[in-house]
Amino acid sequence: MKFIQILFSFEGRINRSGWWLLNLPIFVIFAVSAVTFDFPINKSLEHIQVIILLVLALVHITISAKRWQDKNKSALWLLFHIVPLICSVSILAVKLTSGWWELFHLITVINGLWTCVELGFIKGTEGSNQYGPDSETSSETVIDAYISICGISSIIFVFGIFFFVFKEGAGFLFGGLDIWQFLTSEEWYPTSLENKRYGTFALILGTFSVTALAMLLAVPFGLGAAIYVSEFCSPKLRETFKIVIEFLAAIPSVVWGFIGLTLMNQLIIQVFNAPIGLTMLNGGIMLALMSVPIIVSIAEDALKAVPDSYREAAEALGATRWQVIYRVLLPAAKNGLLAAVLLGAARSIGETMAVLMATGHSVNIPSGPLSWIRTLTATIAAELGEVARGGEHYQVLFIIGILLFSITFVVNLIADLVIKGIRQS
Amino acid sequence: MNTETDISAQDMFTETAIGKQNRHIENVVKIFFLIMTCLMILPLLLIIGYLFYKALPVLSLDFLFTNPKDNMRAGGIWAPFLGTIYLVVVSLLVTAPIGVFASVYLNEYARDNWFTRIVNLAVVNLAGVPSIVHALFGVGAFVLFAGLGESILAASLTLAIMTLPVIIASTTEALKAVPMSFREACWNLGATRWQTIRRIVLPNSISGILTGVILQVSRAAGETAPIMFTGAVFFKPIAEGDFFAYNIFDQCMALSLHLYTISTQVPDVTEGIPYGTAIVLVGSVLLVNAASIILRVYLRTRKKW
Amino acid sequence: MKYRGLIIYVVLTILVVSIYGFVIRDGSSGKETGEVSGHSIIKNKGSDTMVNLAQAWAEVYSDISDTVSVEVSGGGSGTGVAALINGTVDIANCSRQIKPKEKEEATKNTGKEPIEFIVGYDALAVYVHKDNPLNEITIPQLAEIYGEEGTITRWDQLGIANSGCRSDKIIRISRQSNSGTYFYFREALLGKERDFESGSLDLHGSKDVVEVIGRTHCAIGYSGMGYATDHVKMLKVATTADQPYYAPNLENVIAKTYPIARPLYMYSLGEPTGEAKAYLDWILSDEGQKIVEELGFVPLTKN
């Protein structure tokens, strides 16, 4: 039986687990709708909500019918629980309250429980009966459908993210925003009373400069560590290092920001004699520490992927370990290493809390590691909370979101293609 | 000819100058990379040590179970701590089934065609979307469009979508580790695809799946940006010790946002409190991670193949 | 699976317990404020300047009244007003007065007119590092420091030798560009036509501003006077050079001689009723106003 048939056809049979698999979500949705009756669910969605509930009710009826048939009984048995239910709901809707009606509700509930036991717990006839063949595997169709829906959910989510971020920002993107100025002007005056200017050039530069600095610090250490872990380590030591790297990756970004704000701030003031420690350098160090675990783990995978025969051949020719690494491994694994760096950079570009707290948050064309800067992500985080919904400034923040989404999308895409490239060769 | 071979035979096991030099270089190189690795690991220890040292004066069980007091300058972290638990649990309930099923689909159902590649690409990109963009999405989709308002539910759903790739990735790895021969044996007995998954594949990969679930928990607990605008509040008094103090349609405090606000917005906080909050946050995240690692190692030793 | 029965029971128990926690107790908690039975929630949102004050009120009030819990969130005056327009808060905090246009929108959207309450005053103090020799400053000087294409960029232009600051460059500390504090300070300094020069450190919290200044010899910044610490110094401010300088303190704000002080507002949708009214009345009472003073803001004076 096809999934559509299970949902909407009155023909055929279905087993108990199939009935439960479909009915449980329906029960949950109905219960939630009942509980949140006057909850501020978006009013414009009310009709859609009603339609969905009706469709679900229909599904409930069809699968219950199939369950009766599974027990070799007519689908008309349905009426025993549907009719009292409809009566009860109507009584509630017209607000009749007296003892006798309460009694009627009680009958409905008992009836419902009995139906539930009858349909949900008592097995159907074995082998085929007058309504169709054995239903033993009919629940698998439902499960297969659920699994497929979950499988494609990530596509839906990615599109959903783009759609909703785009939807909030689209009005201004196509109606009034000077895109050239948006990308190239360094004047970010979103709240000026007379002359609002939305130039993100300084913010874009901020994002890229702090990412570049972070990569400058993270790439040598990350690759060095990856080489050490994959080429020089004993297996036990390797496990330990990997666990430590996992721990490093698990530290929340707000904690990195907090470290930047307190410890690193003071360190930079003392070491560089700088007036303020909240600088690009501070943010760069934090980002480096955050992206190093990604670089190490992906770079290590890439080095592992180089066949041992390469190493053996090189060593047989008398090459030292260093020569093997430098002349053989690095060229052979270069795509994977590139992907590692790209993914590390994508992580840095998208990072929010650490740069919000550690970089000084100042609209500035960066002039060196000790200058204070502001990034695209930090701008959204700092300003979104305070803008009037639907206003220009609000929409511009969503447009920055689109920009960020596009940047990381492209970087991830390239990294993915690079990795795919290795697998195929 | 003869003399030459004699010499080389003699010198074969004694070290030449070049060989010595090479060995020297090798050691230097090895130490150089070791130092690089250590420089990467050192900050972790330093930071945890520093946080712990600074937090020591306030750390106690009471710190965990009392509300922030006295204009958030004193007291503990009960309300934000419970809020984080709520956010994590609700997001886990949503994301775990979807994530596990999604990777079952990718591994066991999908054929190797362009559609599957697009799904895989979507997973990779979902993992790469910046957290603040997830926040924008949460505002647009859950808070506004679905009309959930700023609530625990909206924030958890945002976190759920954000952490979905974590579960998908580790479940996929776990499913891949189940040998193909297991499945084939099962199919040969006439089992259907789902029966094979249910009886053979999932029981044999449960450790990897649990690892993914645990990692999701640690990731969700630490995130700040996605919940800032979708459901976390600056302050909300709740009953101490009551585990049902929040309602999922209300807003809540969260540990990560609490750390941010007390370190940037609240004046005259007792010095240890932000550090204490940070160490509780880091500590619980690392504890959860450690649990996943222990589970992984333990189950690996029990592996039957 | 011989434990299957057990597992099913455990899952069912968890479900029942959580349904009890989430659903049944909700039912009794009541969704609107002003509900007589059970406990009710007052949603309070808005200005970052006032968020500590609002939080302190909420905290003390939760001891006074067992049945009410006040949910406080910050985000800025704009957020509060936006929520008021959308009808999603009971009380909005605002460190600026609501604009007529916003008032109109709120009335149109929700059918209720926002009612204004002044709940205290806030003086914005100008802070420098405690070792900075500067003691007083005028509004036009501040305007030249902060304003777009301003002429004052070095401490010696203010006639002092700031020995702690090697570069002598003034580092401007500001707030993110849509906080009520930022708006008010900009208007007080520059009027409505001029903007701040970009390149200042736009920090996210009032406390952050003071902390950074406390560590930075070159810095100047503004924040509520309640945020002062031992590491910073508050400057006396004069409207123009030939006017007297006034320190930011209670007397000067109440006498309205300190030039950078503003009222703090709370808005409710329509005349407040029930719990919200009780809460606002309590805020305006002596007890509520005592908290205003404790937090370094200026309480309302009795007529």
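A, B and C label the chains in the order they appear, each numbered from 1.
Methods note: contacts are C-beta pairs under 8 Å (C-beta built on N, C-alpha and C of every residue); 3 or more make two chains touch, one makes a residue touch a chain.
Since the structure is predicted, the reported quantities are computational estimates derived from the model, not experimental observations.
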Shortest chain-hopping distance from chain A out to chain C: 1
Chain pair, most C-beta pairs within the contact cut-off: A-B
Interchain centroid distance [CA atoms averaged], chain A/chain C, Å: 34
Length of the line joining the C-alpha centres of chain A and chain B, rounded to whole Å: 13
Chain centre separation (chain B, chain C; CA means) in Å: 35
Per-residue multi-chain contacts in chain C, two or more chains: 26, 48, 74, 88, 203-204
For chain A, residues that touch 2 or more chains besides their own: 39-40, 357, 385, 389
Interface hub residues of chain B, defined as touching at least two other chains: 149, 249, 264
Residues of chain C that touch chain B when the two form their complex: 20-22, 25-26, 29, 41, 48, 51-52, 54-56, 58-59, 62, 69-74, 88, 203-208, 210, 226-227, 229, 295
Chain B to chain C touching residues, read off their complex: 69-72, 149-150, 233-238, 243-244, 247-251, 261, 264-268
Residues of chain B touching chain A in the complex: 22-23, 25-26, 29-30, 32-34, 36-37, 39-41, 43-44, 47, 50-51, 97-99, 101-102, 104-106, 109-110, 118-119, 121-137, 139-141, 144-149, 161, 164-165, 168, 192-195, 218-219, 221-225, 228-229, 249, 256-257, 259-260, 263-264, 274, 278, 281-282, 285-286, 289, 293
Residue numbers on chain A that touch chain B, as the complex places them: 36, 39-43, 45, 137, 140, 143-144, 146-148, 150-155, 157-158, 160-161, 164-165, 167-168, 220-222, 224-225, 227-229, 231-232, 241, 243-248, 250-255, 257-259, 261-263, 289, 292, 296, 320-322, 325, 343, 346-347, 349-353, 357, 377, 380-381, 384-385, 389, 397-398, 401, 404-405, 408-409, 411-413, 416
Residues of chain C that touch chain A when the two form their complex: 23, 26-27, 31, 48, 74-79, 81-82, 85-86, 88, 102, 165-167, 171, 176-179, 182-183, 192-193, 195, 198-204, 212, 215-219
